[in-house]
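Letters A, B, C and D mark the chains in the order given here, with residues in each chain numbered from 1 onward.
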Amino acid sequence: MDILVCILLFSGLFFLTAGSIGILRFPDFYSRLHPAGKLDTLGTLLALMGLALFSLHHFSLGALLTSLKIMLIIIFVFVASPTATHAIVDAGVRAGLAPWTKGEKRR
Amino acid sequence: MKIIGLIITIITGAFLVYAAVDFPAWADPNSPASTYLSPYFIENSMKDTSVPNFVTSLLADYRGFDTMFETTVIFTAGLVCFILLRISGGKEPETRHYRHVLTGVTVTLKEGRKIPASEDFERIDDLWTPPDLIIKTGCRLMIPFIQLFALYVIAHGHSSPGGGFQGGVILGASIILLAISHDLRTALERMREKVVAILCPVGVAIYAGTGTLCLLLGLNFLDYSALASVLHVDPISARSHGILMVEIGVGIAVMTTMIWIYNNISSAGKYNQGL
Amino acid sequence: MSELIPTIIAKYNYWIYITLMMIGLYAMIAKNNLVKKIVGMNIFQTAIILFYVSIGVKKGATIPISTGGHGAAHEVVHAADYLNPLPHVLMLTAIVVGVATLGVALALALRIYSRYNTLEEDEILAQIRKK
Amino acid sequence: MSQQYPVLIVIVPLLSAFAISIAGWVNKRLCFPIIVTALGVAVYASVGLLLTVLEKGVVIYHLGGWPPPVGIAYYVDHLNGLVLVVVSLVALLNVIACKKSIELEFPDKAAPFYTLYILMVTGLLGIVVTGDAFNLYVLLEIAALTGYGLLAMGEERAPLSTLNYLYMGTIGACFYLLGVGYLYIVTGSLNMVDIARLLPPLYQSKAVLAAFIICMVGVWLKMAFFPLHAWLPNAYTHAPSAASSLIAPLVTKVMVYVMIRLILTVFTPEFAFATLALNNVVVWLAVIAIVMGAILALAERNLKKMLTFIIVAEVGYMVGGAWLGNRAGMTGAILHIVNDALMTLCVFLVVGNIVYKVKGYAFEDLQGLFRKMPFTMGAFVVGAMSIIGVPPTCGFFSKWYLILGALQAGHYGFVAALIFSSLVSVVLFFRIFEICYYEPFSDHHGHDHPPEPMDEAPLLMVVPLLIVAVILILVGLYTGDIVNHVIKFAIPEGLV
């Protein structure tokens, strides 16, 4: 059980870290949203799943309620985060921001 | 100006550092702040008000008078934004735009012309852009849950972190989310300006009115134990119920103020289109 | 020197708040853009909020909500187990005041922008002087 | 009911603010009667409270039924009893006098304007009546926020000068809050009387010193004490006349009250004057404030702006008087809070009337006003005499006490500054009298204009103004009673 929690947490943290590095390293607005949208969502999901499992460690009704709440958060993050990323991309397109192509300078 | 700013900043900072040397260390359990008044609140909150969340009992009862003015500050901010920005009685623009909902065809009308009254056309603005389907659906999915959570936060402020301010802000955020994901006109159809502007003082008046009710029942202002005779409970639970009453007032006031400020600032007082 | 370092470590919350506050103050005095000044003002207020909240911390204490819940009215509560709730309450008020001030300041900035079409203070003053 | 007076003073205006705000959406004609009734109740309650205090001594009111220091308490003693009466009276007279100009300037926003107005009065009354250091901060912010709203409604430059005021005001309030935080960290209490009880063993602590200085700087920022005054003249000049004639008399004076309250009650005079030995520095600052205020006023060719610089100088009077550190100086400062509120109200109401009729307040607009608006200008003469300090009016007596205090303290610079600024005021006001009285006759074209017919402002504006002018003289005549029965008890015995 503990090992599973650890694996989940660490993989979540790995994706979050990778996402942060990606935000810094990618060349332009749209490609930066790629790590920001996907990796953050996945990292949060995994980390929260780990926490939900961890709270079931000592099983009781209260602990079950807590992990249910965490599961609810997971669902909402899963809905909200891609929508938000989509909204930002949409705004970028409407503002007339051209995507980066190979050979251009970083923006 | 930069050099003057730097000099002033350094002098002030040095003075504050000089004063901080005499302060108790961080997280010191024996500092005067932790030993003089706070033990009273922690140890007697349950006995006095039967509220397990000490912050709530302190906020809405022991120092409820502060909180009443805090709510008034929020109301004032909404009112100031309104009085500064709202352009009332604005003329109708010369051309109006309508959109046929089913086909997406946009119709532009000169002044004086009318379209056949039907459900098929909706009024739009000059800078209107079609709301994105994904965003619309995503937000429509989230808003009911956000509002439900807000009500939970208001109602559960007695025994978990939360209360009127937090819940009110979340409630306001749900309406603002509607305005962002669709457009301001849609949000205004749900919450009309007049409703917002009247509910806001009503919310604060619920707070002040609860206090005044206590005064009329013969005790001091905001002494909720006076409500015991009205609510038919003992004075200690009366305090708990009084706190709930004022939290509801705060929630209403904060929610409407957030919406009010958003409406005014995002449309610069014209109320035609949001961001 | 041997006394200085423990002092610095033991009171680091004060140094952080002073630094933040001075950043805000500097932005308010030195920046030319009105919105940047508003941001500086907000940092300034946040620094004070941080200062107050850090007063309320106690070693070995938990958040100020009774662990017994509603049913445990007769349970003895030890003050040392809970954080000081008073600064939290005061700062709830200060946060609200900060938000209100921010709203009013932004409304004023909007009015100024619609009048002068700029938010740079020197350009606005030049426009006023021209008249 | 009389034991509820302290809270009624604040609650009745507050509740009426919500009523006005709602009435604005239902029936606009209800707003004015509500605001006048509410302020009338506030005046009644504050006068009743002052009489109770005179009879029985300090009145303490426990809000929420919690005794201090656990809860918030109101302490009403002679000092704030007096200031309460002044604040509520000024607000009542001003709203009646400004009804016409509010309706003229904001035809469709009168209701929010009245709401902000009465919220501001609530804030000011609350600042004066409260006995809790943090509660004072909250009310300070209410008064400030409403003030920004009211001031920014004015001419086109008003938003910019108000935003500058907002920056300075927020820094000032934050400094005050920080000072309270320092006091809280060393004492653990927020109640003013309780802090004063806990402080004496800590007088040597650097934190208390810092708390005192930070609070003072914050309060000085808010009251526009000289080097920190830059926001005041523009903000007040461009404001709508109804707002400036409320804010100019009250805000700076209430802040002076806060300073005196901090010195007398929280930190006690022993600490402020004896332990710190900052008196001389502050009094010299006040001297500079007075002189600079007078000189800057002399340079203006605009009646309203000139008056705002006079306010800067008057703040110098009060701060200097309070920091002289003796009984006479403190008496003068407290008396000057009362007098200055009334005489500033008088001259700003005159400006309001002039703006209502002439639509301007530059010196060129004032020509021939004595003939055109005799009653308004008559009141202006009384107000000006009071600012100059001519005997039957009240301004003379507070200056008398201030000079007495300065002589007692051996501070001749302050005496010289007072006399200098009085002389400058003479020049300032006689220059205006000359323009208002003689100018149309010195016509360049050489032929006489037919004398302009009398064109006085409406009765609703003139009558309150004349009442203020009469009060100015009455306060002057009864100064002895005010000092002997009220102010004498407001100053602690320790101060000689």
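Rule of thumb we're sticking to: a residue touches a chain if its C-beta (ideal position, glycine included) is under 8 Å from a C-beta of that chain, and two chains touch if they have at least 3 such contacts.
Note that the structure is a prediction, hence the values are computed from the model and not measured.
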| item | value |
| --- | --- |
| Which of A-B and C-D has more C-beta contact pairs | C-D |
| For chain A paired with chain B, centre-to-centre distance based on mean C-alpha positions, whole Å | 29 |
| Separation of chain B from chain C, taking each centre as the mean of its C-alpha atoms, in whole Å | 19 |
| Chain C: positions in contact with at least two other chains | 25, 55, 86-87, 90, 93, 97, 100-101, 104, 108, 111 |
| Touching two or more other chains - residues of chain D | 134, 138, 141, 145, 148-149, 152, 159, 184-185, 190 |
| Pairwise chain contacts, counting only pairs that touch as defined | A-B, B-C, B-D, C-D |
| Interface residues, chain A side, partner chain B - complex | 76, 79-80, 82-83, 86-87, 90, 94 |
| Complex interface listing, chain C residues touching chain B | 7, 10-15, 18-19, 21-22, 25-26, 29-30, 32, 54-61, 63-66, 68-70, 72-73, 75, 77-80, 82, 84-90, 92-93, 96-97, 99-101, 103-104, 106-108, 110-111, 114 |
| Partner chain D, residues of chain B touching it in the complex | 15-16, 18-24, 31-38, 40-41, 61-66, 69-70, 72-73, 76-77, 79-80, 82-84, 86, 88-89, 194, 197-198, 200-202, 204-205, 208-209, 211-212, 215, 219-225 |
| Complex interface listing, chain B residues touching chain C | 1-2, 4-6, 8-10, 12-13, 16-17, 20-21, 23, 25-29, 31, 33-34, 37-39, 41-43, 45-47, 50, 52-55, 58-59, 63, 66-67, 70, 73-74, 76-78, 80-81, 84-85, 158-161, 165, 261, 264-265, 268 |
| Chain C to chain D touching residues, read off their complex | 25, 28, 34, 37, 41, 44-45, 48, 51-52, 55, 86-87, 90, 93-94, 97, 100-101, 104-105, 108-109, 111-112, 115, 124, 128 |
